[in-house]
Every structure is written in C-alpha cells, then in structure tokens.
Amino acid sequence: MAAPHRPSWKTAWRSFYYAGAPEAPDPVLVKGKVALLVIDVQNTYLARPEDRSALPPLERAREAAWDGFHERMHGIVIPTIARLIERFRAGAGPVMFARIACLTPDGADRSLSQKKPGWNNLFLPHDSEASQVVPALAPRPGEVVVTKTTDSALTGTNLRLIFTNMGITHVVCTGIFTDQCVSSTVRSLADESFDVIVIEDACAAGTMELHTRELEIINRIYCEVMRAEDLLGYLPA
Amino acid sequence: MAAPHRPSWKTAWRSFYYAGAPEAPDPVLVKGKVALLVIDVQNTYLARPEDRSALPPLERAREAAWDGFHERMHGIVIPTIARLIERFRAGAGPVMFARIACLTPDGADRSLSQKKPGWNNLFLPHDSEASQVVPALAPRPGEVVVTKTTDSALTGTNLRLIFTNMGITHVVCTGIFTDQCVSSTVRSLADESFDVIVIEDACAAGTMELHTRELEIINRIYCEVMRAEDLLGYLPA
Amino acid sequence: MAAPHRPSWKTAWRSFYYAGAPEAPDPVLVKGKVALLVIDVQNTYLARPEDRSALPPLERAREAAWDGFHERMHGIVIPTIARLIERFRAGAGPVMFARIACLTPDGADRSLSQKKPGWNNLFLPHDSEASQVVPALAPRPGEVVVTKTTDSALTGTNLRLIFTNMGITHVVCTGIFTDQCVSSTVRSLADESFDVIVIEDACAAGTMELHTRELEIINRIYCEVMRAEDLLGYLPA
Amino acid sequence: MAAPHRPSWKTAWRSFYYAGAPEAPDPVLVKGKVALLVIDVQNTYLARPEDRSALPPLERAREAAWDGFHERMHGIVIPTIARLIERFRAGAGPVMFARIACLTPDGADRSLSQKKPGWNNLFLPHDSEASQVVPALAPRPGEVVVTKTTDSALTGTNLRLIFTNMGITHVVCTGIFTDQCVSSTVRSLADESFDVIVIEDACAAGTMELHTRELEIINRIYCEVMRAEDLLGYLPA
C-alpha cells in the first residue's frame, strides 16, 4: 500500500501572504557554514508531577492539557533533534545550544518579561539541574552553549557574533516553544541576515494549533519550514 | 438599550498558556516615560491599483483578498493611531515612528530577508514617496523617525538606545503588520526589558485571523494587549 | 636630491607591545568589499570665532591652541579624505559617513556622555547647519550617512548591519578625533570582526601628540595604520 | 613630616581638551546601583617563564621589559582590586568579572582581531587554567562572570543587558590593559549611557606611559578617573 501523500515542504505551512506564491527553492548548504541550534530543550520543560492524582482538580486538568506536548516531545521532537545532532556532529557543521538561565542567585539579571508573573516568569539558575539541556541531547565538551534571560537567543547573548566569527551563514532551528523562543530567535536571525531553516518535527508548542499557527506566520518570511527528512537530503556529507 | 458586552482586555486574547490565569494588572504609566511607537504605516502598504478590472484574474482575486485589510486600516487603524498621536502630543510622552526604508539606491543595505523573493521582498528607498509614513499620521519636525531594513524596529536601528536615553520605560506599539513587524518589535522590546502595550484596534494583519492569532501568542508574555479606549484611561494627563 | 627617508607604515606607529614584531602584511582589498568611512568631519568642528581679538584673554589663548588642528584639517586631512572619496567613488567601494547629531529638538536622545558638561557636551540637531558634513566632503545622494549620539559609529547606529548586508569586510577609517570617535569606532569594528585600516593623514586630534599616541595604541591590535598613498597602492582599480 | 602633596583626582589626568576646565563634580553612588567590573585579570597575563636565563637574548630582554608591569600588578593593582571587591561584597553593589575566553576548542568563535598574529592573538579556551581570573580575585558563586572574544566587555557579551536588568547606573572599571580592554569597555559603557569610573591604581598597561596616556584620553570624556581611596569615600556603606 502506498504511503499517504504529504505535500512537499515547498508549498506547506503557508499563510495568506504566500497563497499562490511559487515553490520555495532548494537550500544550498555548505559544510561548516551551517549550524544546528537547539533552543531551550531543558529539564524544567519536561518535568511532570510525580503523582498527578494528588493535585487539586484545576491543576490536574491543567497538567492533563499538557499531555500532548509531552507526548510530542518524547515521541517526535527529542528523537528528531538527536538524529540531527548526530548528523551535524558527523561533519555537516557545529551543534550549538541556547538555554534559559540566570547568572545571579536571585534572578536579578533576568529581562523584565521573565520577571513578570505568569507562564513566562522564569527562575532558572544556570547551575541548577532544572536549567540544563535534557540528557538525551546533552552538549559535548567544546560545543557552544549560550545562556539567556531573553526569548530570542540572539538578543541576550553573543550568539550573533559567534556565528559571524565561525563563518556560519545558515542556521537550522529546533526546540521549544515554536511560538515563543523559537519564533523570536528565527525573527532575530532573519533580521541579522542569516538564512534560517526551521525543522517542523524538531519543534513544539503548548498545543499543535499554536505550533502550526506560528510556523505559518514565520515560514517564507523569516525562514523555510521543512521536516528533518527534508533537511537531511540537503545537508552536506 | 445597553451596549453589547465586551470582555475586559484583562482576560481577552489569551492563548493556551494563560488559560485560567489571573487578570492582568492595571499598567502604571508615567508622563514622559511612555512613548507611542507607530510601526510601518507607510504609503506603499496603503497603495491599491487604480483600475482593478484591468488586472489579470489571479491578481484581481489577490487584490480583492486585501479588501478587508484596507477597510480596517482606513476605518479603524489609522483613525485610532491618529487619536493616540494627538493624546501623546498633548503631553503624555513622545511619538516615534519606524519605517522600512533602505539607504542605498540599489537596496544593498537591506537585510537578507528583505532581499529574498516573495511577499517580504522590500525595496523602499528612504526618499521615495512609497516609503513615507501616510499623510494622516505624518511625523512632526522634532519627532524621532527611524528607518530600518529589518522587521524588528530595534534590531536594525538605534531605537533601543534612544528609548534608554530619553528615559522611556513603557512603549505603546501600533501599526502593521501585527504578525510581522509589530510582533518582532514587541518581542525585541520585551527582551530588552521594556514594558510593552499593544493596541489591538491600532494594528492590522493581512487577515483578521492572522491578526488575532499573533495577538494571542504575544499577549501577556511579551506585552499587554488592550484597545485604545483602555489605554486612554491609563495615560497620564 | 633624494626624498627624505620615511619608514614604511609596516613598522611605524608601534607601541611597546609590538616592539620588535614582524612587519605587517600587505592588505588584500577586494572591489566592493572595502568601504571608506568618514567620521564626524562636521561644520561645527571647523568653525572658528570671526574676530578672535574680541575674545576674553583666556578664550583667546584657548582658541589659539587649536590653530594647529585647523591648519592640519585644511592643509592635510580634508584634502586627503577628498582624494580618497574620489578614488572610492571611482569604483573601489562605497563611501559612508557618520556624523554626531541628535534627533530631538532638546537633545534628549543623546547618550549620557554627550549630555555631561565639558568638551564632549554636544548638542547638534540633525537638521542644523553645524551638524552637517563639511561642504568639501559632502555626501552624494545614495551614499549612506548615519547619525549618532555616541562616539563609536557602531554602538549607536545600524552601521554594523549595513556593512554586513553590503558584504563589506574591510573598513578604511578617516576623520576626527583620532583619540575619540575614530578610536572608539576602530575598536568596535575590530571587536565585530571587520578588518580595519586607519589613514594617518586623514585623521586629526586636538594636538599631534594625542593623535600620534592613540595611533600607536590602536595600531596592529585593532587596525593597520598607514598613509593615504600607502592605501592607494592597495586599493582595487 | 607632611605627606607629599598629590593633586585631587578632580583636576588630574587631563588632556588638551580639558585644560582649564572646572573640577569634576563628586559622583553620587547609590547602594545596589553601582557595580564593580574586573576586566581580564587572568592567569595568562600574570604568567612568567620559570627560568628567564634559559631564554634566547631577545626574548629575555622582552621579558625583562615586562618587569614593571608585573611589579605593579602584584604590588598595587591586584591588592587594590581585592580591597574594592571586599567593599562591594560588603553591600555597595555587585562584583562582576569579564575574561577573555573562547568557547570552541579551536578558537573559531574568536573575533577577527584575536585571531590575527601578534600581541593580540589570543587563544584561551574557557575551561583552561590560563583563562581563569587570578586566584587572589576569584569570583564567588553567584557573581556574574562573562566571557568574551572581544576587547570591549560589552560588544561581545550580554553585560549591557545584565547591567540594565539589575538596575546598575554606575560602573567602576578595574583591570588590564588600561589602553586596550579597559579603554574599549569604558568607551562602550559611556556610549551606552552608563556613568563610568576608572580606578587608576586598579589598572595597568604594558608600560606606565601607555597607562597614563590612555587615562588622560578617556578621562572626563568617557569616565572619571580617580584612585581607590577617592572612590571609597564616595561608596555607599
């Protein structure tokens, strides 16, 4: 039986602005000039309560609403990023990591948006277990890891200069959350004249709807969205 | 007859992440420390073909798809921004403008994303009529106008430093397009620790769906989304 | 009679750190990838009192102390920059200008150091005659001119991104003052991984001693210092 | 017997531009809003050959020329910084460190100027002993340490944003080398609208002449130069 047809990345994830536009061209990726960037795949975001039944009803419902995210992370996103890391380490280009972490014990160095109450309030000391990249994707010695207290991995770090110094022209973005730090990083990279690729099955948001919505918004304008298998066909050996 | 009930901005435009979260607090705006930023409301985006019937069918359909945007701009967005400008000029704080424009005659200074083919390909020489702010919102002498070849009004300008030098802590964002330059600017401002407010009826995207989607994504995390009438209640006299 | 011997730029302007170091290599300049940057050669810095004898004695002495600077500017620096501009306009690469200027009528957008009392207190509205580039070096339409309220022409502008977008790898710096805005710009450019050349006879400081001291400090570490005639031998046709 | 008269910092280290200018005003330092920044006091710069007599004559002479620097560092600069650190840790404000270090094993992330041959060629992997801050000034857990591959501690790091987020308005600069990384950092800080103080006896250059020359160049324009005992009189308790 034939595999179900899936539209080419070249015409997928289109918003109103690009309806009817021509197909995206094949990217030309040069060995050593393309970097893999893994954004915010940190222990804290994969943590779950040990005993959900002990939670008050509202929190239990809230926790349940995150089930889809965790399934996607473990079933698709983390394995996909691991596969890409392996391929980049084999020689395509450097693997780099950004993670949210503050340098001071009281979080005073965090940007305003990460100090405000609510979902985005983040207090992740840089040496805490919670702020580390998940073990399945652990950086190797010698790989660049930047810490940030911002959403864009460029605004609050020296990553732009590192990319420039290393001769990187194309950045492949993966990680979480598609609509937040991934989108902010992609937008900054495009503004700074990098060629950006986002791997759909290497990213996730709180819901698939938010994930897909933001991909449609950033695709073609700030980046090319494709799947890991699409990218692997373009990566230099 | 009573006016139709509209939910308070404090619980509106919420995404998955903020479902069930407490109401947003009232912003505290201090005279001279809050700026109004008008983003990319330029002639080029309001231009329409003189005779639509002369267009080939596909372009005609494409043009028709933009009718809603133009109606919203002329009926709601531009009048709302004009009202806000008047109030800020009366003393609340400075009015500033960002516009997309290149400094070189061949556009060589544009960022990569604005050189690529498609919707986002922009070639707007800074002294062309097309790149000027629309007459209804024309900047006055002495008001700051920055030009950019990026989407974020911070990444490719010195606006962050200008805000800092002028003692601005809160930035009220208006303009187009909600999901593109407005969102990119809001994200940069939040990362740079400014308090950001986005005025829903002073922004527009290609479609209302894109507009609302991105507002839900950025609200509470990077900014507070409210309507002009909400803001006017908070602005210092 | 033979011309007086002048040491090659390759071993000149050396400080303690580079005593005994090998000669600097020949720069390799590629057409279109090298830019000429003219820094702060503005009317205000060339202005002199109409009638010096009318000044109080202390101010008259102070004015007289500046005679050497003005002689050097008119006799050497401005003619040298004019010659370089001509050569760059003939095709070597773009000519760009930075000038100190504020965008607001009260100078509120200036950086702190330009608001403090003393020599560096600067109030140069961008549309004033005083803030314009001197007529002998006037920018042509289509040439990039950035305004700044900082000393480094990179910190307070989008010049770094413009250089990157235009594919510029080498920047030739000229202008005033050697120890202030020129040095600050050179240091920023080097930190941002540009190859920098400073033209000794196209720069000036308040005194020749300050000029030479700072050239010795920045030479080899942040830039190569040479004379215009040296550069002309390396410029692409 | 009376102590030898030493001129007040308020009129010392003046260059041509500030000859005859009024005295500098007393700085107003607020608890928690002033930070101490220790720049590049790293093991590599204090290292000396074990047996100088084993060196070839030229290198031996070169090494001897550095004797003054090392005497100043051990006799004056390091003890002075240690004294300042103690006072800041007692509550005046945060102590922060910048050090030159690359993140990649081959130094590919270094800026161009640190890859060029000569004195400034630096290859200091971030986890090497050579790149650590000297033990006498070792950072405590929870103190911010930024790594950079640039000379300015702002250009190539997120220190500016950290200062802003922590509410720092005044930065006290110490470290090495006065004419290089210290000066570049001071210039960047001033451009970014921080109030900057440089402690004369907490800085050093390769020679005292270079040290004093650059202090005269940056004093009053970008910073106030004073001695540690002067600062201690202004620091909040």
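Lettered A, B, C and D in written order, each chain numbered from 1.
In the analysis below, a residue touches a chain if its C-beta (ideal position, glycine included) is under 8 Å from a C-beta of that chain, and two chains touch if they have at least 3 such contacts.
Protein identities per chain, from UniProt: A, B, C, D = Nicotinamidase-related amidase.
Since the model is a prediction, treat every value here as computed from it, not as a measurement.
Relative to chain A, the most remote chain by averaged C-alpha coordinates is C.
Rotation relating chain B to chain C, from a C-alpha superposition: 180°, rounded in steps of 5.
Across B-D and C-D, it is C-D that has more C-beta pairs touching. Two copies of one chain, chain A and chain C, touch each other, and the residues they use overlap strongly: the shared fraction of interface numbers exceeds half. As a whole-number value, the distance joining the C-alpha centres of chain B and chain C reads 38 Å. Separation between the centroids of chain B and chain D, computed from CA atoms only, is 43 Å.
Centroid to centroid, with C-alpha atoms defining each point, chain C and chain D lie 26 Å apart.
Multi-chain contact residues, meaning those touching two or more other chains, occur in chain B at positions 111-112, 150, 155-156, 161, 165, 192-193. Looking at the complex, you find that chain A touches chain D at residues 94, 103-105, 108-112, 127, 141-142, 144-145, 148-150, 155-158, 161-162, 165-167.
Those residues of chain D whose C-beta lies close enough to touch chain B in the complex are 161, 164-165, 192-193. Within the complex, the chain D residues that touch chain C are 15-22, 58, 62, 65, 111-113, 117-120, 150-152, 155-156, 179-180, 183-184, 187-188, 190-195, 206-207, 209-210, 213-214, 217, 220-222.
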